[in-house]
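Chain IDs A, B, C and D follow the sequence of writing; residue 1 opens each chain.
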């Protein structure tokens, strides 16, 4: 067998893809990347006729399925002096997220370490339980990709099921019990396959990966224990000077996990909800005494120190970035983690 | 393709730095890729020589940076301004947002900027180099053997296709030749929307605005949005939100934002450029501009310093709100 | 018969000097208009921030009307001239976004025009009722 | 957290007839902040008010809501009640459940439901009310009158008569203004000088009045009751205190060919001059543009002949700083320039003149000593054509004329025509007019006398062209009644030029932050009810600076302005309205949006040093509202994009709370 620890490889002719999707959608909500009229991909719920996008990646990451941008937690209602608290979380159905790229698959490991370790975030955990991740290997990585820097193999993504799309077929392989279960249900639409086509595709992809402009990006200089080394680096000033303080990088990031809890008074009661927050915002973690990071430099530094130093320090050396390249593509001023790594790391060479 | 070369601008900046006229230069700095350019402050001639760029991807408007920058320093900063940037520059001066004495403005002609998404859409993934040639942008990618040549008009950003002016309305010094205020079709898309039925318009905006992720990039890049504290960040304003909680708040944010800049927006197009979801935000601002032009007379924010924005002005025989709708219908 | 039908909710911002007094006059003369109309007193129509209007729609209003002194008669000389521009622009924008234009209105009602106030409210309430519930600027959370 | 009391009034059956008052007070009991709720037959009665006072004390209320009749009826009553019980009067809100509920709705369930909602809105608002205290500011008991024409003179005399000191600032070397240049005045035909000059003397002799002639206002700061004004007294090179006005210098001055402004350039004066015999102050002034001594140091004749030794060639402009409690604008008017009206040949022929020039020609003290001689050859004109509405009511020719009616021309033209016919019966007089407008006491009678008794030929129609030909002026016009072209060979053509505000008005308005209309006439605070006040508190309007006026109207407005000034100066302190705008400096951008919509000029800006969120300090421009000037309209609160500007008593949060309560 071609992949370690994997029992069997199945395939499905691309011509039958719709049937495959229909079969998945019978038992679960199926989400897959779909292009809009501008060619930008985003996850949409599959329905008859939905065409899967070939885009390398979606503008927003699949993080939303487990950690949505906003999420109702509970309501309070008062009647005289009584207060009534209700848990209003929406119990999601079983769902399948299809076509997740290797970088985004890794992001769930990073989020899990935040949300599923004790104390467990039950809102996140219940969605993780219900969701099946079907990944898809990349074939045309682009210049902003640097997942390899974090030890991610774009040609062999993880997830509950891994898929490879070749010219004629979709190859599928289960990696987990959930994945096995999903593939078992699709038994009739797939057939046993060997790994030759997949291996050929992988070789090709890996060769391209080596030619990417960011291929040699070095992470050695970063990781736990480097706080003192970088915290007061003079380079932060220049790096952060043009930062607008918007939340684009944070909101397109598959691993950013900060949120704010807010109350909304509907007039009939209060809805307590949580929503994404960004450490780039001036109001982030504002407390009674004010803010603890007052300048954009401090806020900017926090984001990158968290990804490159603080997170690995607390999580066995795993970086808080997966190299998906979304922030590289979307930052209004084209400032990003790669520039930070090169600037801070680069000074060592001198 | 830009007519002025990088070297000319560096020479100008270097001489002003050397003469001590300015202590810093706001310019574009080369990034990782051929197209990503970061606004930066250069303080030495060496930095300029190494990293300063000027080309078809230098879209960023520096005017807003002057607000924070002039507060920090006592000395002058050189700022390069494209024609459209000068309108923002003037509008900020009108609103007393920075100290003109601390700025040395150099106007530079602009032939229009390329839209990175258009280039990516045509050339495909894996762009490794882009060269400006006579024929257009020659884009080298990992997946094409020969460079893909994209004609400039095909790569041009929407705001540049509909460029309103090649004329600099403010500068201390102008490099190259002065252009003219242009007739543009910038209101055509607004008119097309106006001609739709309300249901169609609602569907259009519902679709566009539901893409909003409230990253605030449009606001934070906007040269008209320089509030010390934005109402959307202010818990006591009654409008503070951090996420688009449902369809109402998506609209609320964009309506109020457009209203707050109405009459002050110079139509620089930065909001649409930076939107990660490619929402055509300029169509909201242009609606206000079009309405203002129609009902209160032609007004270009920033065309001159000190002009009175139409919404802080009036005449005794202005059109009644109800009649605005009716006129809209006649046009439709 | 129509017991379960939701009645339209209309918020009327009235300036203290003319329109609020006009509404009082309508009361003095016992000129009926629907109870769906709820008046908020402001010193001048120019005090009405677009945010208040959107807020009303968010919270379930089906129509919002702003009443002020006739142009030229503003107690503060020019307040309603600014109102006129602001609301012309705002309402045009709402229309542009596909929100029914009959849900918003500006009307000049003097302190002597009690009859006009009542007639305006009757007419506006009728037009808003005909449109039904405000769906395009509602916030579903407020209905929970 | 507030402790709110709710008081629901029955108003007999006025409210209780359609609203279940018990249900209302019960429903409001559970609203946030409410600790007491009751209802009573007549809340405004002594018993009702006592009930409120007792409840405030007993329940330690911090705010009250009265559900009753309109706040326009009893808000003041209940505020006083609250104050009497030790509560800040601005902690009272009224829910109008009578005029806007019980009286307009028929059935009890509907009325009750709405009354509860209105009550909830008032409770929601009171929860956010804050105690407000009106500001006080002292009043400087001195008035400034800008302009020394008949309007300024009358205003100053009336103010001084009430015992307050007044200063008059006049740009010309003498007061008197346009009226001093006139010959006779309609409709009584008394001579202008005979009625004006005694008033000028009164001014000069009144020890409450100071005259700053040949001076201009340079800077105005401050606000109602407390204006700080800088007045520039231009050097006249003559010591005013010493000069006796004997006139020796003006006779000996060798520079004889300076056009005499007082006679509109129709004759000459010397480089040192006294504008006219009855000038006040009667002192000489040296024209620095004409005086050889000042220009090149050669001459000095006047100094030699001055027995008093008043000539001072080294005199400098002097800045006088003074405080005033009130300012009256009386900058008057001027005829518009006739340069652009080529069709009337004004620039081509000396015999085409304006009506004001005609006044000088017929004035005994004028260039012809009162003999009607035409300027070109000093011959007596036998045919005179008067053209009305030159540049007035001229919507189509806005680039050279004015859209408005200049108001005075019909009457003075009738006067001129009549006087000519009276003195020179051999002279034919034609008047071309669009309409004859004579609404004034004895005005129409006056005009009819011109037509009926004096045989003036009135032709309804406009003159199309005046062509100088030899000694004649060929006048070509249309007679709309006869529907024919009219050709007249005239000896003299008199143009009733439109009048416009003096050029000094616009910069002055900027200094005063007083508003103007598009024609540069000052705007009144209310066109009907406050016609002599500017919207800017403490600034008053007198005479033609507010709009075209004749003398009787000007004098009555001048008196009215004076009485307003006296009313203001009689106060020791001004108490403001506490419901005013107030900016949050930390949020203010200093962008000037608020200032631009403020009808009162209440907003100014200062540069202040702030500690910024990133711990740096920065100097920022921030708005300040003058509490004595702000009237609380709230226009600024919406113009402000950051929401830094809020309105006390009608704060955004309060209005939003009301909206929320209503839309619940």
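By our rule, contacts are C-beta pairs under 8 Å (C-beta built on N, C-alpha and C of every residue); 3 or more make two chains touch, one makes a residue touch a chain.
All of these numbers come straight from a predicted model, not from anything done at the bench.
Visitor: If we define chain centres by averaging CA atoms, which chain lands farthest from chain C? Would you check?
Guide: If we average the C-alpha coordinates per chain, A ends up farthest from chain C.
Visitor: Count the touching C-beta pairs: is B-D or C-D ahead?
Guide: Pair with more contacting C-beta pairs, B-D versus C-D: C-D.
Visitor: Pick the chain whose C-alpha centre of mass, unweighted, sits closest to the average of all protein C-alpha coordinates shown.
Guide: Ranked by how close its C-alpha centre lies to the overall one, first comes B.
Visitor: Can you check how far apart chain B and chain D are, centre to centre, with Cα atoms defining each centre and the answer in Å?
Guide: From the centre of chain B to the centre of chain D is 44 Å.
Visitor: For chain C and chain D, let me know how many angstrom lie between their CA-based centres, rounded off.
Guide: One centre to the other, that is 35 Å.
Visitor: Quick one: report the Å distance separating chain A from chain D, using the average Cα coordinate of each chain.
Guide: Whole-Å distance between the two chain centres: 68.
Visitor: Roughly how far is chain A from chain C, centre to centre by C-alpha average, rounded to an integer in Å?
Guide: Each chain's C-alpha centroid was found; their separation is 47 Å.
Visitor: Give me the residue numbers in chain C that touch at least two other chains, ranges are fine.
Guide: 50-51, 55, 59-60, 72, 78, 82, 86, 141-142
Visitor: If I count partner chains per residue in chain B, which residues reach a count of at least 2?
Guide: Where chain B meets two or more other chains at a single residue, that happens at 231, 237-238, 245, 311-313, 315.
Visitor: Please output the residue numbers of chain A that touch at least 2 other chains, ranges allowed.
Guide: If we look for residues of chain A contacting two or more partner chains, we find 264, 267-268, 282.
Visitor: Which of the residues in chain C come into contact with chain D in the complex?
Guide: Chain C residues touching chain D: 9, 11, 16, 20-21, 23-28, 30-33, 35, 38-44, 46-52, 55-56, 59-61, 72, 75-79, 82, 86, 118, 142.
Visitor: Can you list the residues on chain A that touch chain D in the complex?
Guide: So the residues of chain A in touch with chain D come to 80, 265, 267-268, 282, 291, 294-297.
Visitor: Mind pulling up the chain A residues that touch chain C in the complex?
Guide: Chain A reaches chain C through residues 75, 264, 266-269, 271.
Visitor: For chain D, which residues are in contact with chain A within the complex?
Guide: Contact set of chain D toward chain A: 30, 613-615, 660-661, 663-664.
Visitor: Chain B touches which residues of chain C in the complex?
Guide: Per the stated touch rule, the residues are 50-51, 54-55, 57-58, 71-72, 78, 81-82, 84-101, 104-106, 136-141.
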